[in-house]
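Common to both upcoming complexes is chain A, partnered first by chain B, then by chain C.
Let's look at the complex of A and B:
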């Protein structure tokens, strides 16, 4: 290698582009250090406030940076291993917002349950930095490293409540399934790399020899579009997509979802539901429109089957759940199915898959607003065991805590996709883009899925709003989880702003609507 | 914005803001609650009646309000309000029934009155907006605004089995709403009009090349979706159970006004925009409509509960509306609009009166009442009038609607069979209606009633009860005695919108010979020369 190559490398390594990730990692270390060196337990609590404050400033700075200061053109760095642009920036602020909300929920959660503060926020922030990096990769090595960073943070987070056997069990389950999905993914990547690094030996053809190596997306795009029928390449692609399907909880790799959601601490359940899933979808939509674009004819029926199966499995399985965390997990599986339809639509929109990406963003954003509202209120309940949220715990909430009931009902309504909440607009856009791309069977599946979902979502609303069964004198005195909720501090305005955003976005999309 | 347009906007905004005020507990004591209630429900009614008389009678939209920047640009959604010949009478009907339901609610003494009135006002805002929307998306959105309070109110204040029925109708109606939404989205995308409102889509359709099979499928989707929402036979099972258990004001607004959403959608959107598909579907639709009239009619005859009977009766009369739509002629569709108005008034009056009966007799089982007329002559008068209106006697609006539909059925040989069978339905509705009147108000006073009367003496209608009932009855008589007031504008609008369909209709079936080939042979030279 000549000096010139090194020069090019050094000029190309634009660390400045990664400032949000770097400062987030720095902040994570600060939080950890603060927690380590502060003596009293009271001071340790302040590590949480520090984490929230830091992430808030970072989110504001990042929004300011790319919305107001910088042009939003696409650019590459690190020899084409990373790509930065408006999509990536939107996703980065999405993850920052989600992580901020997780820290907010976690702040109160850790306090009431006397759990360690510093590690929680530290791991959350590192995981978020990993997710932010993940959505910018153009190279399977960086991709895998970022993904593993995220996964390694999630394993301890899921098992964070070490006193609770459910949480530990969920941690083990997540570890095993996560390892399996990483193995599938890695195997897929290796297959593509193996064929790509010596194309002739495997009977593939390449018209021009590209400059980049066989891990990079641009190389794989060329390889796959010239050899869409090659068996090993197909196997590699299917394995990679299976690995991602694990992360987003799409059938037939959804089996871990209810168990892990069930056991994980509430803020982490929300984190898994929103950030982890969104990252998976962003990566998937980039892969199928980027390196895997040449194989879309092969992938479409496959994804179509997966989407339909996911929608039906998620909704039908959620109907029979009495535990709300499991139900939300399975309804999240159903949402993954709807989002897969957006991914399919993006493959069918020639040259303007951009629109499908924006629709995916909008849907994910409405999902974030609704999910955090719901999980936020659920985190308030002082149920004896955090894993066991039953329908009956929410009986008559509307009279016990009207504001919490209001937030919860709006959140559920938005998840169910009823107007005038933002979730409805998300579903409407999804329907319209699916119709445009003639995915009629998927639309039918979505409509049936939404109607089934009304059953369990409204079942919950019914518990919250409508009169409970009469109380008899010989009834056992039941623990009321809403009796001593105590002060909620910052959480209340945060939850209300989520709800407000859900309603406003449902009625008026304004400038966001123009993006489509 | 003209003052009329302001009135139109106000008739939606006043109940919407009122709903927020009720919800926030703005009016503390009973008196101010009532005053606010009069304002919130009175203003839309007043505005609707004023706009009804100020309508200039030409085809097209009056009093338009348009905000371009609201809504999704991508789908061409704008906030666009206005009234045309079809929506103007329905808008007035929604205002009047809304006031009646509001007054009934104010005097109902329900628990948690604030919430009850807040939800009812929200429903009223949705209903006014539904008929005032030109934009199809907002038309759908306003429908949901009215629908969601229905579920909650049934769940909270409903009668027997309210929780399971609330869930059942939620699922059923969401299915209907989603299917019709699917149809509307399909229409929007396939036509690719610049805006998602009635005139733009119809203008774009004239130029676009929507294939017959696509049109057929979209019309089928819309018919299925709207059909579920209107309780078309075999999708009618939710309706009677729902109305039966719902509190009076909700039954009035839902059966009277909200259920017209689907019919309105078919008349304003589906049939004029997709005329070939409308003709292709019409035999299916008409046979199903006969199911409503005859089968549901017989179910209504079998009811022993007064309110159930009214509920099934209202589902049965939807059959006539579907028959009128199925005829696909100006007369048929116009009479359907007429019947929709009159039916909305008459059925809500019936629900209102049923509640008055229940208050006095403490039951709605007809066999347990009897002889009530001696004690409450005024209530008996109202009830007889409302029943006669429902049956379709001259003098009330329903007569003109049903009469027009029968006339339109008689215009074509193919429809004679429907005419004969539908006429049987009139007998059915006379049987159950008059029998109910006879049992409740005439004959021997029953043992239960006598016992109940001893505990709480039975009084005739109070002033608070007379006002909403007579308000609706006057409106019914107004239409019945001066049908031209609404038929002219309906006729102008429908003949304008349906000119397309009328042409196709007469072209395709002048006699029983296979005309299709003739039409093709006329058309082929044009298509080949292109």
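Let's look at the complex of A and C:
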């Protein structure tokens, strides 16, 4: 091989396209180093501020970069292994925003609970870099490595409170289930590769031999659309989809969700609920619109069953929960079911950038706003055991801390999908696109699911706003988690801007509405 | 004379994955569950190498290195968590876990 061949390869590697991920990793190392070399605990606290400041600047720079500087979409780099388009850029900003909010929530949480600062922000930032890379990949090798980078950061984060056996137990459970799902996913990839690397031996046909290798999405697209009935290929696709279903917590792979949400520290629960799930859905929609597009006949009934099952399971199981973190986890399972309907609609609509994809983005964004508002307020409460938030801890919050109650009620309302909050618009758009693609059974399931969800969401609102239990004079004094919340600092304006965004997006979608 | 064909390697790999999966389901010791996970990943590696050899392309062989690295990292994290849990609870049996209940 001559030198020119290598030159082409190296010129194909556009490292500049990856600058947000690279600078995020660099920032993560910076935060870790800062934490390592600062002596006093006061200086260590500044590592958290550094992380927040860094991520804020990065988010602003990234938004500026892709909104104003470089409009040329759909660029490919690293010999087609990565793709940078408008979807990918939207998701990158989404993950950066989510990571910034996790750091903000974590900053105060770590301080009140005397946990290590540097490692927390470091792992959060690395996980975010992995998530950003994950949504750009067009090749199963990068896909696997990015997925594992994320997973390996999440395991220690879930078990971050090493003094609490609950947190550790949740970490172990997440690790076992996460590793099992990766193994299943990997097995699926291997089956696809096995057939793709030697098509004739497995009785498949390929009209033209593509230049890309058997792990790349473009090759698999061709292979799968020419042989949609091949048994091994189908098995591979089902295994990959079940691996992703594990990550998003779709039934029947949802068993880990309540336990892990229950034990994980509050900011990490929010991180899991928002970033991890969104990444799973973006990857799923990328796969079913990309390499698996040829198999949609086979996948649609499968996903339809999974979506319906997920909606019913999540909502019914959430009704019986007394622990709020478990309830939120199971309601997150139900949300995953609704989002699966958007994925199905996107399979039925032509093209990769159809309405359903944008509705999925909008829904995820409203979910981010609402979830961080809810988890942010929950993180403020000084419950004796952080894993055990019960309904009664929120009794009469509207009188004790009116602003916190307001944020919480807007967050819950948006999650439940009642007007005038953004969650309502998200659900409405989801219904309309499901109607357009004639997914009537899924609509029925969604309507029933939403009605059930009103029960547990409004039970919580009732607890917050009204005083359901009479207080007798001879009652024992209960521990009040809202007595010494302490200074809230930066978190208060951040929570209020989330709530404001939730309300504004519920009333007026502006230029975003044009995409629907 | 019997010769070892790629099919034999594939059967071996499927067996390894199956044993690992079963071990994960029926073992009560988390340490053994981690070992079962390793077994699954190694079974996948065997399948990848067989496919790579049969299809005479190197991509599968390269993938194996990544899987090995990731598996090592996963076990490192898993053992660290397990040691921390053992210090708290003096047990690595999954029956003794059960703090996370409604």
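Throughout what follows, the second predicted complex is superposed on the first by the 508 of 516 C-alpha atoms of A that agree within 3 Å, B and C clash if a C-alpha of one lies under 4 Å from a C-alpha of the other, contacts with A are read in each partner's own complex, and residues count from 1 in each chain.
We adopt the following convention: a contact is a pair of C-beta atoms (placed from the backbone, for glycine too) under 8 Å apart; a residue touches a chain by one contact, two chains touch by 3 or more.
All values derive from a computational prediction rather than experimental measurement.
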- Query: Now for A:54: first (chain B), second (chain C), both, or neither, which partner does it touch?
  - Reply: neither
- Query: Touching A:148 in the superposition: chain B (first), chain C (second), both, neither?
  - Reply: second
- Query: Does the superposition put A:168 against chain B (first), chain C (second), both, or neither?
  - Reply: second
- Task: Could you tell me if A:418 is touching chain B, chain C, both of them or neither one (first, second, both, neither)?
- Result: first
- Message: Tell me the contact category for A:179 with respect to chain B and chain C: first, second, both or neither.
- Response: second
- What is the contact status of A:262 with respect to chain B (first) and chain C (second): first, second, both, or neither? second
- chain B or chain C: which reaches more residues on chain A? C
- Task: Identify the partner contact of A:451: answer first if only chain B is touched, second if only chain C is, both if each is, neither if none is.
- Result: first
- Message: By the touch definition above, which chain A residues appear in both interfaces, chain B in one complex and chain C in the other?
- Response: none
- Provide the residue numbers of chain A that touch chain C in the complex, in ascending order. 141, 144-145, 148, 151-152, 155-156, 159, 162, 165-166, 168-173, 175-176, 179-180, 182-183, 186-187, 190, 193-194, 197-198, 201, 213-215, 258-259, 262-263, 320-323, 326, 387
- Query: In the complex formed with chain A, which residues of chain C make contact?
  - Reply: 17, 20-21, 24, 30, 33-34, 37, 40-41, 44, 47-48, 50-52, 54-55, 57, 59-60, 62-63, 66-67, 70, 73-74, 77-78, 80-82, 84-85, 88-89, 97, 99-100, 102
- Flag every residue of chain A that touches chain B in the complex, lowest number first. 355, 418-420, 424-425, 428-429, 431-432, 435-436, 443, 447, 450-451, 454-455, 458-459, 462, 465-467, 508-510, 513-514, 516
- Contact residues on chain B for chain A in the complex? 69-75, 140-141, 144-145, 148, 151-152, 155-156, 162-163, 166-167, 170-171, 174-175, 178-179, 181-182, 185-186, 188-189
